[in-house]
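Two complexes follow with chain A in common, the first pairing it with chain B and the second with chain C.
What follows is the complex of A and B.
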């Protein structure tokens, strides 16, 4: 009984922290339409700032709190809104996501640079005092946490429903243009909501820091727990979000207390937010599809089979010449760029063509590597088949609950799934060994070995080329048209009897298969497969760089992969750039807010600009009338139009 | 030339107004005057540029050339929210309400124009008693006519100098539309200048003081409603 009470109290306290974080997420998302993946990262960064002023510089607690919650955090939130999030509302889902993903990586990199990992103590409020609740000792920090959450709940309710500022925030969500016409300033509302959300993230971070200690990754991952809680309120309702948060806290606490901590249940606690999230996704009713949203999407021209084969052959030929020209060390770096390019290629049909976003491509790559090392220890082609055979059903299973819902839910479900796999699967000793790394053989097909670095490089380029040609062939066919239709208007697809869920499932499976192949080949290239290479935090830069290269173009994936592989090389060779390697992908992500088309399409535009000038010189037909398009107009037509104008009454 | 001492400048005056979306120019130079207490109807077929004219006047899009003057003051390029606070009331196409806010919260939003909440509620419930019964309902759950009434409350209660109405009739039964236009005519009588866009000419020919017909981004004909009624279809079709 005492035990149960103790676990219940811990659960409610943890749930209160999640509630504060989740409500901030909901306020920002509903008001500005941007789901802030960096929400946890902001809380993390602000917890460090709090540590700096409160414990390192020794400011009094009230002053330190006021500085962080009323000044630093709101300023950061408002700044992010002004510079990055504004005007992103009408951008495509992936453009909206990459910006906050970039922000997450920048904040993590900045925190690691400013506060290098070392033991930092954050004491709870009024620590170490407390009181006895029956047989259980409750600290003042725990009491404060629960009271703070209650105050946040009441405060938010009053703000959103009783004040004009709050009602205006909701009005902006509802009908932004009309809010402007009524004289409200939507920009001010958005800024306010980001300042508020950022401040709530900071509060959650500060409350959580004494529990988790100042750990960059753990605090950043708070966003997943917050998201799971917010999902219970369908990212809209603050009261339901609070319920979800407390339930999540309680379940986590009971799991720690009552589940055996060995065997199949190892690390299950970490998986609970993800499991709850999937449960919420399963029971959530389908949102009504929104009609009439057109997304400004640039698509590259379709390419004929002949042209794509020619380009593939040219690529392999150039790669062959390159392989002979450079030394093997440099070649390995470029080869890893090509392998990452294959993983990035998996996003082209899924994200570029179908408009769905996955944030766990490195997880599928990890599954591919797992298939390769466990089922083909000799490097035979069976490994590749095993990679695909594992990744496809897992991918389908992950995507299924989220597929019938909006694209954002799929993206966030994949994010949660990546975290789950990091903590539950890749960590196991029978996956990547006791030390988290196992040896991987390079592929051999029949008698053909790709043991040498040059041969393996050419293999990677050829695989990339063949996959790219195959994808382009798919795009020309009916499947490709279905994907484009899905991206342009899910509503119209449904109206025409196209099963959007099946199409999404197919493209998701295809994408996980390609990522798995990329992962299997990457493991062979490095001759080792590790858990650390396939974490959620590795998946995020892949998305960012694929978007940078041009997510709608297969060539963009190659560019993205090469740039991604280039960062560590730069950092190794130019010392002052070493922090760029950490910050680089994130910085690229946040600049993508302004130029979401990607490098490849922009290069193509420059080329096309010249073509257009040439075409303009050739001229148009002189007289359009000569085309015979005119129809004589008669009185009966006129009468019909009068009726249409309601003039006959 | 007008003598400023003798007659006050018109509430709205457009001079060579050009505007469009991106590189596509929709309005090719519009000249239009709406004096106080006058209702001007802008008629024309689909795609003539009527809604674009309203968008340019209300500040939703920036004119590429020409001038917009209100009460003699040049307001070209001013933002929509600033104009709204200055006394321009725009009721856009479709429903000019917030569907996920309650009727009461919708009324609260109207206070951005600088009018007290109590006054807005008084006007709303006096003119449309049905809204009082439904004040706690989400506006999106009201009938189409009730929603348009709620939208009109903004015009009635915020005492604008200029009212811009876009397709009040859209999706409503003719009887409801006539009731709404009767309210609009009552607003004109209080000295408000009104520019109304309508595709169905017959609704406004009876209540408007002036009619301007737009084709292809230009005003082709303008005059009193009774003069214009006979030539409307010619103007619409570009015939003789």
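What follows is the complex of A and C.
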């Protein structure tokens, strides 16, 4: 009985931490319409800032807290809002995700550079004291956490429903235009909500840092656990989020106490937050779907079979010439780019053409690598078959939640899946060995071996070309049209009797198969298959760079892959920016909001001079600011409109 | 527009920087040929370019380490230590008239980068000295094919251990149970009720299995074993379990971050365990800094001298002073010391070989070094023989925030009985 009490108390404390993290997320979402994936990263960054001022520079605690919570964090939030989020209100889901994921990576990379890993001591509040509560000693820090979480939950509820500022924030998200007419100032309100969200993230980070220690990955990832709690609250209700968070904390705590100590159960224990996220996503009724597109990138023109084959042949020819001209060392870098391009290619039919957002492509690539090393240790083509054979059913399995989920929820489900696989599958010794890395052989078809760097490079290019031609052919057929229909309007599909279920299953299976092939070949290129290459964090840059290249264009995938492979090379030469491999993709991600089409389509437009033509033809400016008005819109104008509409000033 | 500018700038940087992917040369100052063994008046051995990485007046050695990437600066201590040693040697005239040049190769903290780094290094340097990477598995084939003398600070893949040109030869079949036996003799009741906490990844699971086997052979009895995830959200439940079971001795296989969290949780819950063996992971400033008072009383068993005893051991003093020359912001660390020791091993062997320096000659010389002790930094070892003839250790404890020697009074405690073979 005392044991139960002990674990219950611990569970409530853990839950409070999740609650603080999750409620900030909910606030940002309800007041801006943007699910800020970088929320945890903001908290992590601010935790480091707090350490810097409080423990490194020795400021007194109240001053340090005020600095971080009332100045630094709101400033960062406002800055993010002005530079990034303001453009995102009407942007597609993919744009929003790409920008927030980019922000996540930028913050992580920046933190790793500014504060290189070393031991940093962070003490809890009022530590080391505490009091005995039954069998458990509860520290003052833990007490503070619980009280703060409760205060946050109550305070937010009051703010959102009882104060003008809070109601305005919610109104601005619901209908910006109406709110403006009623006297709200959306810009100010927006800035306030992001500032508030950042402060809450910072608060969570500061409360967490003494518990988790100052570790970039740990602090950022804990918020992923908090997503489960946020989902229970349906991304809307802060009190329910609190409940979800406490439930999660309790379950985790009881698991330590009551599950057997055996290794297999530890992995289950570690997976509890992601399992709960899945459950919440599937069981909790979906929030009213916000009107808006999943993906705004336009589709390129269809290409005839002849032209695509010609392009493929040209690609292989150019690659051949390139391979002969360049020395083998540099060739492996470019080859990496092509292999990553194959993985990025898997996103083209899935996200670009069918509008299904997936954040776990490297997980499928990992399954492909697993198939290759475990079923064809000599590198035979059987390995590729095994890779596909493993990935396809898993892809279909991931598609099952997709049937029920859409947009953001689907993206989060794939994220949770990736984290689950990291914790439960890829760390197993029978997957990637005891050390998390297994030797991988290069492909061998029949008697033909592609051992050499040049041969393997050409193999990669050829495989990419063949897959691209195949995809383009699919797109020309009925499958392509069904994907387009799915992307444009799933509702209309259902109305017209189009079976979205089968289409979704098919496109997920196709996508996972392509990613698996990419993963198998990438492992062969590197001659090692490692668990570390296929974590959730690795999937994020792939999405970003695929969107950069052009997520609807097969050649965009190749461009994206090559750029992604360029970062480690760059990092070697820019040694003072040691986390460039993370920072680079992140920086690219945050610039992608205004240009959803991607490089390839923009280049094509430039080439055809179409950009000018299109702008001239549409005649409509994108933003009011571009109307060429020189007179600012002020209160007097608003008053005039009110009079005109016969509203009292 | 902005995206395009960003990308093209980056690509331009890449294109402009190609061809110099991993070079980071750092040479010592040539001092002008005072070497005592050569007939030349100016710097130069007179023997010419006798092998890869060797010229008439230089020997280029490579340090392959995890320097940039997801965990920046992971093993920065290694190249710094080797550079420090090279400075010291070059100042004294070099090796038979040749100056020691250190080239650093960055693995990017991943397996693929490890492979690429070794592939690059193979053609550029004479030998790998003091290399330290957690991703040796990626480079196994590259190292095997290369065959250059590989004096690694440590190895993380058994396949590398088995290569005939890796020194000092080690094997995972034997364990040093000296510290475990000392704990058993000093605290017999405590070790009878012991616990181990370890990570839930295969390599730490396997290490934990081996640790339990070895210690139970000398009197420990493990009553509780708990695996913890890397991102364990709360260590209080585990601390409570330790308290509930009345555990008196604790050890683990994990990283500093999680060790600190566990000890802090233990301190909060008033869990006092007399024998806490932090293992070599805990012998670092990072651990002491992060754990603060929670580290008080922790023990560690080391197989090299205590870094705190620099004023008693001249060779250690050299490491500390020359490191301060080369990398003033760096602290002396265990990893750095291992790299320094490898550098000394290399220089001793190369000096013995003479001006006709080839890879094969160096390997033969290292195989014959049966009594190397790095001037007292480590107990004497047989560099060429993987099977240890004796196991040595020194015990230290955290007192007032710093490590203090506990046993033996000076030097090392050595015994052939402390060599334990797994599986029997």
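One rule holds in what follows: the second predicted complex is superposed on the first by the 581 of 649 C-alpha atoms of A that agree within 3 Å, B and C clash if a C-alpha of one lies under 4 Å from a C-alpha of the other, contacts with A are read in each partner's own complex, and residues count from 1 in each chain.
FYI, a residue touches a chain if its C-beta (ideal position, glycine included) is under 8 Å from a C-beta of that chain, and two chains touch if they have at least 3 such contacts.
Keep in mind the model is a prediction, meaning the values are calculated, not measured.
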item: Which superposed partner A:128 touches (first chain B, second chain C, both, neither); value: second
item: Between chain B and chain C, more extensive residue contact with chain A; value: C
item: First, second, both or neither for A:566, with chain B first and chain C second; value: second
item: Which superposed partner A:599 touches (first chain B, second chain C, both, neither); value: second
item: Partner chain in contact with A:324 - chain B first, chain C second, else both or neither; value: neither
item: Partner chain(s) touched by A:213 [first = chain B, second = chain C, both, neither]; value: second
item: Chain B partner contacts - residues on chain A that touch it in the complex; value: 161, 164, 167-168, 170-171, 173-175, 177-186, 633, 638, 641-642, 645-647, 649
item: Parts of chain C lying in touch with chain A, wherever the complex brings them together; value: 1-4, 6-7, 10-11, 13-14, 17-22, 24, 67-74, 106, 108, 110-113, 115-116, 119-120, 135, 137-138, 140-141, 156-157, 200-203, 205-206, 224-234, 236-238, 240-241, 244, 256-257, 260-261, 264, 267-270, 284-293
item: Residue ranges of chain B in contact with chain A within the complex; value: 58, 60, 79-81, 84-85, 90-92, 96-101, 105, 108-114, 154, 199-203, 229, 232-233, 236-237, 239
item: Residues of chain A that touch chain C when the two form their complex; value: 3, 6-7, 10, 13-14, 17, 112-113, 116-121, 123, 128, 130, 135-137, 139, 210-213, 215, 217-218, 221-222, 225, 249, 252-253, 256-257, 261, 263, 266-267, 269-270, 329-330, 332, 336, 423, 427-429, 433-439, 526-528, 530, 532-533, 548, 563, 566-575, 578-582, 584, 587-588, 591-592, 594-595, 599, 602
